Amino acid sequence: MSHLEVRDVVKRYGQLTVLSGVSFAAQRGEFVVMVGPSGCGKSTLLRSIAGLEEISSGSVSIAGHDITAAEPSDRGVAMVFQNYALYPHMTVAQNMGFALKVARRPRSEIDAAVTRAAEILRITDHLGKYPKALSGGQKQRVAIGRAITRAPEVFLFDEPLSNLDAALRSQMRIELSRLHRELGATMLYVTHDQTEAMTMADRIIVMNGGNIEQIGSPLDLYNRPATRFVAGFIGSPRMNFIAARVVRLSGRTVGLSLGEGRPLLDLEFAPGETLPVLGDAVTLGIRPEALGDGGEIHLADAEVAVVEALGRETLVYSDAHTLRTTDSESLDGYFAALVPSQSDKRPGQRVSLRADRSAFVVFAADGATLHDASPVHHE
Amino acid sequence: MPLPPTPTITGTSSARRPALTAGSLTATAMMAPALILIGVFILIPAVVAVIGSFFDFSMTSANWTYVGGDNYRRAVTDPLFWLAISNNVFIVVGSVISQVGGGAILAAILDRGIRRGNVVYRTIIFMPVVISSIAVAFVWMLILDPNVGPLNAVVKALGLPTPRLGWLGDPSISLWMLLLIAAWQNVGFQMMLILAGLQAIPREHYEAASLDGARGLKAFWYITLPGIRNVLVLATLITVIGGFKVFDLVFVTTGGGPANATQVLGTYTYTQAFAFGNMGYANAMAVVLLVTAVLLGWLQVRLSRRA
Amino acid sequence: MQLRLNGEMRLVAGAILGAALLAVPARAEDIVIKMWTLDNNGYKEFIAEAAESFKATHPNVTIEHQIFPGDPYKTALKVALVGSDGPDVFFNWSGDRAKQLIKDKLALDITDFGNAPGGFAKVLPEGWLDAFRYDGRLYGVAMDAVSKYVFYDKAYFAEHKLEIPKTLGELGALCKAVRGINPDTIPMPLGNKTRWKAIHWMTMLNERAMGVEGTAADYDLSRPADQLYTDPGYAKAFQALVDLQDAGCFEDAPNATEYAIADSMFATKASPMEYCGTWCTSGLDAAGFTDYGFFRLPVMEGGKGSADANFLVPEGYQVSAKTAHPKEAVEWLSFLVSDEQGLKFAEKVQFLPSNAKLIDKAEGVPQSFKDIARDVGTLKQGVNVLDALLESTVADAYMNATVEVLNRTLTPEAAVGKVREAALAAQAKQ
Amino acid sequence: MTLRSRTVAIGLHAVVSLWTLFVLLPVFVMVISAFKSQAELFTRPLALPKQFSFAAFERAWGIGISGFLFNSLLVTALSVTIIIFASSLAAYILARSDRPVMRWVYVAIVAGFAVPLQSVMVPLYQLVSGAGLLNSRLAIALPYAAYGIPFTTMLFYAFFLEFPRELEEAARLDGCGRLEVFFRIVLPLSGPAIASGAIFQAVFNWNEFILALLMLTKSDVRTLPVGIYGLTGQYSADWPALMAGLSIATLPLIVIFLLAQRHFVRSLAGLGK
C-alpha cells in the first residue's frame, strides 16, 4: 500500500476548476517533486493534501488513513512554506517547538525534539534568536526544522527555495537531499524550477492545467516525455518545436513536411496505432543538445543570431529565415543549439542545422507523443 | 537518522466535514461579541428612533400618538431644518477643503520637503486630536472673545478691523469660525492619515519616474496622487461623515446661535428633543441624519472596495 | 406605555405593604432620598450640614446629594425622571419647566404632605407658595429666589459725580456720560453669549413697558390668538434695549461675550456698572470688591410698569412622582425651608431664602447681601423671568429675537412678530 | 543647495511652523489660563500670569478630579479592551471568510460607524435605564464599546487583509484551532493595529460627554468631561479652574499618544488599502 495516496481530487472555485481529478501515489520514503508552470494547480494540490484547502471531491489518505476531512494538524503532515512563515514573535526554538507545545507535550520532550532537529540542520547556535535576526537560508532551515520536530508522516514543501539566491539554492538542494536520506521520510515537493526537480526527485509529477501530464523518474521524463508539454517543460534549454504537416500517406508510413517544403521525414507507425490523416498538423521536437552541424538530416540553413557562452558549452541561437520554431523560449522563432564551447560560433556566421533522425520526437495535434512512430530515412 | 515513531494521524476519526469551514460555528462565536454590542446599542435604538419618528410624544410623557408621516412633512416645511442641513453641508464642504486639503499639504511637506524636526512638527500638529471637544470649545471661546480674546488683540495690532458683533456673534462669521476650530482640531488627523499613505508609496516609483523625466508636479500628479487615492477617499469620507455628525463643538461654542445661525442637524435635533420636548419630530430629523450618514458609510465601502 | 395600578390593585398593594410594615414595627427601614441640584457656591456644604441635622429627627434617612452643571441639568433631569434611576427630590425653576413636569405627571402633588404639621405650607408665605401652585395644588417647595439689580461702583460714581438714574432715559444718559469720560470704558457689559443675560433685561423691560398684569395673558398664552403679543409695549421694550445700546451702554459684541467676562469687567472695576443678579454678591466678595451700590432697573418714561416691581425668580424643589418615600421627601424639603435652615442657606449660599425670618442674624455675608434682601422684602410685585416662565419654544424664540435685535438684524417690530409667530404655534398645539 | 531650493525649503518650513504655532497657541492659552486668577484671565488675556498660582488647580482638584480621573480611566480601559477584543475577532472572520453574507455583515458594521450618537440617544438611554445599569461605570463602557467597534473593525479588517496567511496556515498545521491561531499568532502580531485602534477609541471614550452626562448622574461615578463641565455653574463659571481641569484631563492622552505614535502612524497606512 502506498504511503500517500491521492485519488480523483477535484478542486473548484465557483466556475473555475483548478484540479480536475488528480490521482497519484507515493511510496514510503519517496521524494516526489511536483512541477509545472504557475497556475497549473500544483500548489493547490499540495495545500489540499495539507488540509489548507477544502477539496470538492476525491480523497486523500496517508499511511492507510483517510484524511480527506481531517484537520490540517491531524493529517500527519508538516509543511515548509515559500516565505518560511516563521512566527516573528517567537524565537527559533519556540518556532520549532510550537506544534508540540500546542499538543501539550511535556517540556522535556519538546526540548529534545527541538535540539535534535537543530542538530540535524546545524542551527543550534541560533535557537535563542528571533527570525528577523536570521538570514534567508537560516530562516529556511528553521522552517524545515519546524517540520522535523513534528516528525510527520509526510513532508510537504511549497517552493521552499525560491526566495534564496542561486548559490544558496544549490547548497540547500544538496542539504535537502541529504536530509531526505537521513530521515528516510516521504516528501512531496512543489517547485517550478526543473533543475530542483531533476536533481532531487525520485519521481517527478508534471502538472499542467489542473491535470497530471506525466509521472516518472527524472530521466524517464527527459528521454520519454509523454506529451509535448512535458517535453517542453523538462530539459534546459528548452526543446525546439517545429510545425509540420502530414503530406503523404503510404501504408503505415506517414510523410511529414516542414512548412510548405518537400517531405523531410517519414514515420513508420507500429501496427494498431491510429494513423494521422493527410493534412494533419503535427509537431516535430528536437532538443538543443541534439542540434548541430552534423547529423543525418538537414533541417535548414541558418545564420547565427545570438551566442551565449555558458562555459563548458555554448548556446547558439540561429535564424533559419524560412523555418521558424514555434512555442520557442527565445524570440523570433530562432533555433537553439547546444554546442561544445570550442566550436567558436559568431553572430552572422552561416550554419547548417542538422540532427540525427533518432533525435526527433513527434507530437500529434493533441500534444501526445507518438512514441510508436519511428522516423525512417527518406530521399 | 530514523524518525521517532510518533503516531500523529487522527484524521480518520473526524466526521466527514470539510476541513476549513469546520470552524463556522467558531466563526459565529467569534463574531458574536461585536454583533451583539452593535445590535443592542446601535441597531435597536436606531430602530426605535425610526419607529418614534412616526409618533408624536415628548420625552416626559407616556402617550405616543401615531401621526404617520407628519413629522417628515413638518421637516420639509421647517425653514430651520433646511438651514441646519445647509449649515451641515457648508461644514462638510468647508471641512473637506480645509482639513483634507490642509492635511494633504502638511503631509506632503513633511514627507518630502522637510527632514529636520519632522517628528516634532507632526506630533504637535496631531496633538489637538486627542483633546476633548469640550476643552477645545472652551479654549476657543476664550480666544475668540471680542473683548478680551487674543485673536481680537492680534488682529487689532495688525491694524485690521475686527468684526463688530464678535467672531462668534456675527452670523456671517460664526460658521467660518466653527470651520477654523474644526480644522484646528482635525487637520492633524488627516495629515497623519495622508502621511501614512505617502510613506507607503515605494521610493522606487519616484526614482523610476524621475528617470523618466517626471519630477516635481508631474511626479506628484502621476505617482503621488494615484498612490494615495484610497487614503484620500477615506480621509474625505471620514470628514464628510464627521461633518454631518458634528455636535459637541457647536453645542458648546455657539449653542447653534447666534439666533440659530449655526444650528446643525445634530444640535437642532437635540434642541427639538430635549428643550422643546418634540421627540417625534426630533426622531424624524434624526432618521434623516441617520440615513444620510449610513448612505455615506455605504459609499465608503463601495469606493474603497473598488480600489 | 406606563404601567398604572388601578384602585383595587393599589389597595391590595397597600395592604401587603402595610402588613409587611406591621410585621416589623420595631426596625424602621433605611431610607435614601436622592436629591439633585445645580452647583452653586456653598450649596454642597449647606445640603451636607442640613442632612446631618435632619438625622436628629429622622435617624433612618440618608440624603444622597448630586450636583449638576447648569444647562445640561435640564436635559439630564427630564431623561432621568422618565428612567429608572431618577432623583426623589430635585431642583427646578418655577414656570413652564415645572408646569411641563406636572402635566406629564412626573412631579408629585405634595399639598397634603405640605399641610401636615411642620409642613412647608405652614411656614412659607403665600406669595412663595404660589411659585409652584397650579390649579390650587402645591407641586413644589420654593427654596430661594434670585433678583436682579444694577450694581454700580460707588467710588467711580463719586469721583465723576454721577447720579443714580430714575428712568431708563437717564440710564442711557449715564452710559453716555461714562463714554464721555473714557470712550473705551464699557458702562454696563451685557455678556449675552448664552442668551439669558439679555432675556433678563427683556423680562424687566416688558414689565417696565406694560406691567405684570399687561403681559400675563400673553405669557401663559391665554389671550385670544388675534390679540396675542399685539401690545405695542413689546416693541417699546425692545426699542428701550436698542436705545440703551445706542447710548453705548453695552460692549460691541454682546452676543459673543461670555457672561463670566461681563461679570469680571465689573468685578475688576473695568466697568462702573452691571445689571447683575443677587448671586453676584458672593463673586464680588471673592474678588475683594465691596464698595458697590445697587439700584432697581429704572422705570420707563410713559410705561405702565411699577417701581415696586422687580425681577424675582423663585427656585425650589419638586418631588418625583416615582419616589418611594414621598412623606420623608417632603419632610426633608420642609426642614430645608425652616427658619433656622433659611438662615444657614442665606449664610452659606448667599441666595435669598424663601424663609427670610432670621436673615438679619446672618453672619459672614456682605452687608450688601442683607441690604438686597431687605430691598427684596419691600417688593410689591415679583417678575418671573421669561426663559423659565414662557412655554419653551416661545422662550427660545424670545431669546433669539433679542439676540437679533442686539445684532440689529431685526427691528423691534419684526422681533415681536417672531415671538408672536412662535406663541401662535404654541397656542395652537395646546 | 541652490538658492531656489533653499528658498523653497524655507518656505515649506514656514508653512509647517506657522500651523504648528497656530496649534500650540490655544493649548498654551489653556495651560497659562489655569495659572491666572479669573480677573487676570479676562483683563490680561495675552500676558503671562503675574505669579504662577496653583489655586485653580487646587480648586479643580477639589471638585474631585482624582475620582473623575479614576472613573474615566476605568471606563476608557474597559471599553477599549472590549472594543479591541470584539473588533479584532469580528474583523478577522470578515477578512478570512469568502462567504457572500459576510460582505453584508461588513457593510452593516461600517454603517454603524455612521450612526450619530445623538440621533439614538433617547432610546439608548431608555435601554440602559431599563436594564437598571444607570450610574454604573461599567455599564457606560458597553455603549461606548458598541460605538467604537465599527471603526475599529474597519481598521483591523484592513490590517488582516495584509496579514501573511502562511503564518496562520503554519499554525493550523501546528495544531492550532481557529481560536488558537487567532490568539496565539494573529493577535500577538497585530500590535500596530491594536495600538492605533486603542488610541482612537481611548481618545473618543476619554472625551465623551453627552452619554456620560445622561447616564452617570452620581458625582462619584462621573467621568472627567462631565466632572469638569461641573465647574460652570448656573450663573457663574470658574474659568481658571475650568482651564486647570481641562489641562489635567488632556495631559494623560497626550502622553499616551507620544508613547504610541510610532505604531500609530504605521498602522494608519493600512487603513487606506
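Order of writing sets the chain letters: A, B, C and D. Residues in each chain are counted from 1.
The criterion applied here is as follows: a contact is a pair of C-beta atoms (placed from the backbone, for glycine too) under 8 Å apart; a residue touches a chain by one contact, two chains touch by 3 or more.
To keep track of the chains, here are their UniProt names: A = ABC transporter ATP-binding protein; C = ABC transporter substrate-binding protein.
The structure presented is a predicted model; accordingly, all values stated were derived computationally and were not measured.
Chemist: Which chain pair has the highest count of C-beta pairs that touch?
Modeler: Maximum number of inter-chain contact pairs occurs for B-D.
Chemist: Could you find the chain whose CA centre sits the greatest distance from that of chain D?
Modeler: Result for the farthest chain: A.
Chemist: Mind checking the centre-to-centre distance between chain B and chain C? Centres are C-alpha means, answer in whole Å.
Modeler: Here the centre of chain C sits 39 Å away from the centre of chain B.
Chemist: Using CA atom averages as chain centres, what separation in Å is found between chain A and chain C?
Modeler: 92
Chemist: Determine the centre-to-centre distance between chain A and chain D, using the mean Cα coordinates as centres, and give it in whole Å.
Modeler: 56
Chemist: Mind pulling the chain D residues that touch 2 or more other chains?
Modeler: Residues 41-43, 122, 126, 177, 229, 239 of chain D touch two or more partner chains.
Chemist: Two or more other chains touching the same residue: where does that happen in chain C?
Modeler: 75, 79, 82, 258, 261, 265
Chemist: Would you please write down the residue numbers of chain A that are in contact with two or more other chains?
Modeler: Where chain A meets two or more other chains at a single residue, that happens at 51-52, 71-72, 150.
Chemist: Which of the residues in chain B end up touching chain D in this complex?
Modeler: Chain B residues touching chain D: 23, 26-27, 30-31, 33-35, 37-38, 40-46, 48-49, 52, 59, 102, 105-106, 109-110, 113-114, 121, 123-136, 138-140, 142-143, 145, 147-150, 153, 184, 187-188, 192-193, 195-197, 199-200, 228, 230-231, 233-234, 241, 244-245, 247-248, 266, 269-270, 273, 279, 283, 286-287, 289-290, 293-294, 296-298, 300-301, 304.
Chemist: Under the definition above, what is the set of chain D residues touching chain B in their complex?
Modeler: 8-9, 12-13, 15-17, 19-20, 22-27, 29-30, 33, 41-43, 45-46, 82, 85-87, 89-90, 92-94, 97, 105-124, 126-127, 142-143, 145-147, 149-150, 153, 177-179, 182, 199, 203, 206-207, 209-210, 225, 228-229, 239, 242-243, 246, 249-250, 253-254, 256-258, 261, 264-266, 268-269, 271-273
Chemist: Taking the touch rule as given, give the residues of chain D at its contact with chain C in the complex, in rising order.
Modeler: 38-39, 41-43, 122, 125-126, 129-130, 132, 134-135, 213-214, 217-219, 226, 229-237, 239
Chemist: Contact residues on chain B for chain C in the complex?
Modeler: Residues in contact with chain C: 58-64, 141, 144-148, 163-171, 255, 257-260, 271, 274-277.
Chemist: Along chain C, where are the residues that touch chain D in the complex?
Modeler: For this pair, the touching residues of chain C are 36, 38-41, 64, 66-70, 72, 75-76, 79-80, 82-85, 87, 146, 258-261, 263-265, 267-268, 270, 277, 279-280, 283, 287.
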